[in-house]
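Some structures are shown below for you to check.
Presented sequentially are two complexes of subunit A, the first with subunit B as partner and the second with subunit C.
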Partner chain A sequence: MYRPLAILLLALPLAAQAQPAAGARHGRAVAAAGRARIPGGSYLPLYDRGAGRVTVRPFALDRVPVTRGDFLAFVTANPEWRRDHVKPVLADRGYLADWPGALDAGRGDDLRRPVVQVSWFAARAYCAWRGGRLPTTDEWELAAAAGRTARDASRDPAEQRRRLELYGRPRPDPLPPVGGTPPNAYGVRDLHGVVWEWTRDFHSVLVAGDSRATGARDVALTCAAGAVGATDPRNYPAFLRYALRGGLDARATLGSLGFRCAAS
Partner chain B sequence: MTTSRSRRYARRAAIGTTAVLLATGATAAVFWNTAAARELGASAAATLPVRDLPEVRGEERAVLTAAPEVPPAITRDYATKVVVELEAIEKTMRLADGVEYRFWTFGGSVPGSFIRVREGDQVEFRLKNHHTSTMPHNIDLHAVTGPGGGAHASLTIPGGESVFRFAALNPGLYVYHCATSPVPMHIANGMYGLVLVEPREGLPKVDREYYVMQSEFYTKGAFGDSGLQALDMERAVDERPTYVVFNGAVGALTGEKALQAKAGETVRLYVGNAGPNLVSSFHVIGEVFDHVYGEGGSQVTQRNVATTLIPAGGAAIVEYRAEQPGDLVLVDHAIFRAFNKGALGMMHVEGAGNPKVFAQLKGMFTTGGE
Partner chain C sequence: MLRSALVRLLAPPPHPRRVATIGALLGLLLVLCLPTGCREAAGAAAPRDRVVAAVPPAAGSPVADVAADRGSLHDLGLRFRDATGAERELASVGGPVRVVAMVYTSCAHTCPLVVAEMKRLEAALPAAEHARVGFVLVSLDPARDGPAQLAAFAAHAALDPARWTLLTGGEDDVLTLAAALGVRYRAGADGEIAHSNLLTVLDARGRIAHQQQGLGDGAATRAAVERLLD
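Right, the complex of A and B next:
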């Protein structure tokens, strides 16, 4: 697996790391919708890490996923992240491969579609350039637990059904422009059913720092044993998200995987 | 994803193997291939000797077929390396007339491709996940002796590929299925199929072989409600299927798609039951199974059976000689499923029968002939 590689890379200073916050100056590049304040709170993760509900401190989260237009500004300002310059250790061959050119993300609506086929490394660098960071899985899950009005709709059967239906739909090609779904209780859109999203600790959800935990995690993501230790075995949308994250490595690029940024 | 891990294992195991060879010497004889033995052993300390693993000669690519077809019988009398290439594909297909479903498949069909190998073969399994998939997928083959039946080694993200290897130790007919969390959803959406491990001596020759797999679907709409139907998790959890079908759709084995045989021919059905919930009471109306390989095991466990039980996640091989012309009807004899949910298929038998086997003597319908 690439995970040891990813961890190793994290420990090294990244030569290709973009200048932090430089992108904040790119007015057009920053998603016009801005960030929503999430007041913090607690939620019950799908896999209990032994502490029950997890407390999440207040943070800010992009209201919509990062768009192709946003990301074009980033690669223009940071050529080391162009698809023809990126280091293979930082992104696999699918990186931005759906763009017409290295500095061409399409026309019109294309620029408002969520950027996909970006590696975790690239997403992380983008958020740093924007003066933010990737949300943690806990932050993402807390924000995504909200329904249209309720801050925690994770046990609402109607909401679960709706999410499962959204997840089960074929991915539209091309993807719709961002912001097309109704805002949730925090004013955040597109958390469900548009694209999967990178989180800062996408593959450490179940790793408790002891070698057995890694094994338990593998078992949890495959086989019926996945239900063992799950706090809500009926939360199929959550199982799908955790399984997807668990299958990723930091170089991966998927046509259905984008991201948004957060700030503390 | 798995390569660096298996290399790691291989390195560690190599050290262990050397020690074993030095200590026991003769152990080496049971391995058909030292490199493979190392990886199969995959243990830090030593490699476990496994009895009866034959020497492997050559390499071939598995012939895969979509139901109801079955790959040709294996004619070789030695073990080989078999490469199986299968791709997980999410696609919209017909579930019933006017009804579509977003299936998750192995190889683009439901059930997934039939895999046929020989006992002792070394199977190199290459699982791809199509780049348009929205979910990661993997495979758990019940024929595999190893962690998760291959599930852990084969977790594959969209656009990715994973490779693992296993020895076909146990002859029999086995279900395979996706085992990515949430497993029930992956099975409910169509990710299953059959793998046959032929015994070394082969199976007795028959005239016809077919692949039939029963499974349930749980939809928002009622049976027959038209349009694209989504999975209804509540129905699935409550085990109240909308559809119970053979080979992935209502009518997959009727009309022009009925199975075919000629009177006098011997027929072997490889029958799987994917579930995800129900047990099948498999029956062919108008025939008696001469042989049943119960639960898909490697020997005939019963003769002269009318209805055989096939567990969810299990299989059976049934054989009969089609003596009379006409239409045989395959059903789950939990009969409302056949009548109201789709669990019905046909086998059309052509040719001349024998009035000593069956003849109508008086009644509303005449059977022709004498």
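Right, the complex of A and C next:
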């Protein structure tokens, strides 16, 4: 029941930063740059949960998405996560299917491209292996609200225009190496315009049958009320992210869905 | 209609950005509405049964084959505590067929309805089959639902301990089980937890044989249980 929604959304032009050359140049250095400290703060979720702004405690977030090279090291060290060994409850058949081989993630730039076609279970296991965890949706959205200089640029018209443009571009094939977009105010890159990203509680978005069956609690996410109930109806990229999360299941692997890790 | 929604989303902006944004928003709403059905949203909460497969199994075909592709929940390695405080894995919880739902004991709204739905299913089973079907409630609120709360809830709801297992566990295990089942939930500011009303039928090997979204008509769920018992 979620699959058609997810497929439709992925048919949308997914954003991409068209700077492969710059990305290739910076990729290695940026990937080594580790995590940025996010001092915490508050943000207004797209859907108000009755408490207004949501407070997020300080945390650390990877500066760039996890790369194929990073993930190759993980599956090499943890063979149970190889695509030919993984248990079917943990990932669907698309898991790492875009790699040339079970322990071959490609050559050169390929190793610096964001890893995609990974399930939520796999992403979570990778982050645990690296001594971290997936960011919560609130953490991710707080970090992603930052512009180049402002920590909360979500209401900045110029930033909104820039994001609309990013999210409106077709996704390049192959994906550009990570680190190709400029850092935001926290020094984090690629939150917008490269790949969608898993969050720890992606399944905290209640849509469709769920909300109807639950009563009226989440009616704001269905149909026309989806825009009416939103705290900022102009935030089209946020609609896309919430709709995507609402359409995913934990085994899903998509060619435009990667992740990054966080730590408390 | 799907095509028109996509065309709308993919089309280049006919006018300035504001128009494009509005168009895209309308398109997104169309996409959101189409697969889920606004018509139902306007009416009563219609139950949704789904067999976990692209094609429902023909009568008499083994449900196990359908479930095989999604793997076994037993492989998740989750650990819980039951109402007696004993450590339990999913594989050790009665059955062989299990009907599983995720609820929480302080839930005032739909959780009692979920439990009532499961009790109707229990009552509809022939007495001879009672020993072969387990009913499992897993708490979405492990911080407040300790074994004692689970025991009190089971007593209050008159759940037969021979057939019903109530589980609580670490936050991570609960989150993982919810993700694996497709249960969506979120804690609200008021201490309540908004969540899917999802009944899942597990076969003896921990594979999802059937899921019922919503409440009201458990006929297909009952049929799925009976297929597994045959």
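As a convention for this text, the second predicted complex is superposed on the first by the 214 of 264 C-alpha atoms of A that agree within 3 Å, B and C clash if a C-alpha of one lies under 4 Å from a C-alpha of the other, contacts with A are read in each partner's own complex, and residues count from 1 in each chain.
In the analysis below, a contact is a pair of C-beta atoms (placed from the backbone, for glycine too) under 8 Å apart; a residue touches a chain by one contact, two chains touch by 3 or more.
Note that the structure is a prediction, hence the values are computed from the model and not measured.
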Applying the document's definition of touch, where does A:P88 land relative to subunit B and subunit C: first, second, both, or neither? second
When the two structures are overlaid on chain A, which partner does A:L164 contact: first (subunit B), second (subunit C), both, or neither? both
Does subunit B (first) or subunit C (second) touch A:P174, or do both, or does neither? neither
Touch check for A:G255: first (subunit B), second (subunit C), both, or neither? first
Partner chain in contact with A:G101 - subunit B first, subunit C second, else both or neither: neither
In the overlay, work out which of subunit B or subunit C sits against more residues of subunit A. C
Partner chain in contact with A:R234 - subunit B first, subunit C second, else both or neither: both
First (subunit B), second (subunit C), both or neither: which does A:L244 touch? first
Between subunit B (first) and subunit C (second), which does A:G34 come into contact with in this model arrangement: first, second, both, or neither? neither
Based on the superposed arrangement, let me know which partner A:P58 touches: subunit B (first), subunit C (second), both, or neither? neither
Overlap of subunit B and subunit C contacts on subunit A, residues 1-2, 4-5, 161, 164, 218-219, 222-224, 226, 234, 236, 239-240, 243, 246, 249
Can you tell me which positions in subunit A touch subunit B when the two form their complex? 1-2, 4-5, 94, 157, 160-161, 164-165, 167-171, 173, 196, 218-224, 226, 234, 236, 239-240, 242-244, 246-249, 252-256
Considering only the defined contacts, which subunit C positions touch subunit A in the complex? 2, 5-6, 9-10, 17, 20-21, 24-25, 28-29, 31-38, 40-41, 45-46, 48, 50, 68-73, 75-76, 109-110, 175-176, 178-180, 182-186, 188-190, 192, 194-197, 213-215
Counting only contacts in the complex, subunit A reaches subunit C at residues 1-2, 4-5, 8-9, 11-13, 49-51, 87-90, 120-121, 161, 164, 200-215, 217-219, 222-224, 226-227, 233-234, 236, 239-240, 243, 246, 249-251
Looking at the complex, which residues from subunit B come into contact with subunit A? 1-2, 4-5, 90, 92, 102, 131-136, 138, 140, 148, 151-152, 155-160, 179-185, 189, 230-231, 233-234, 237
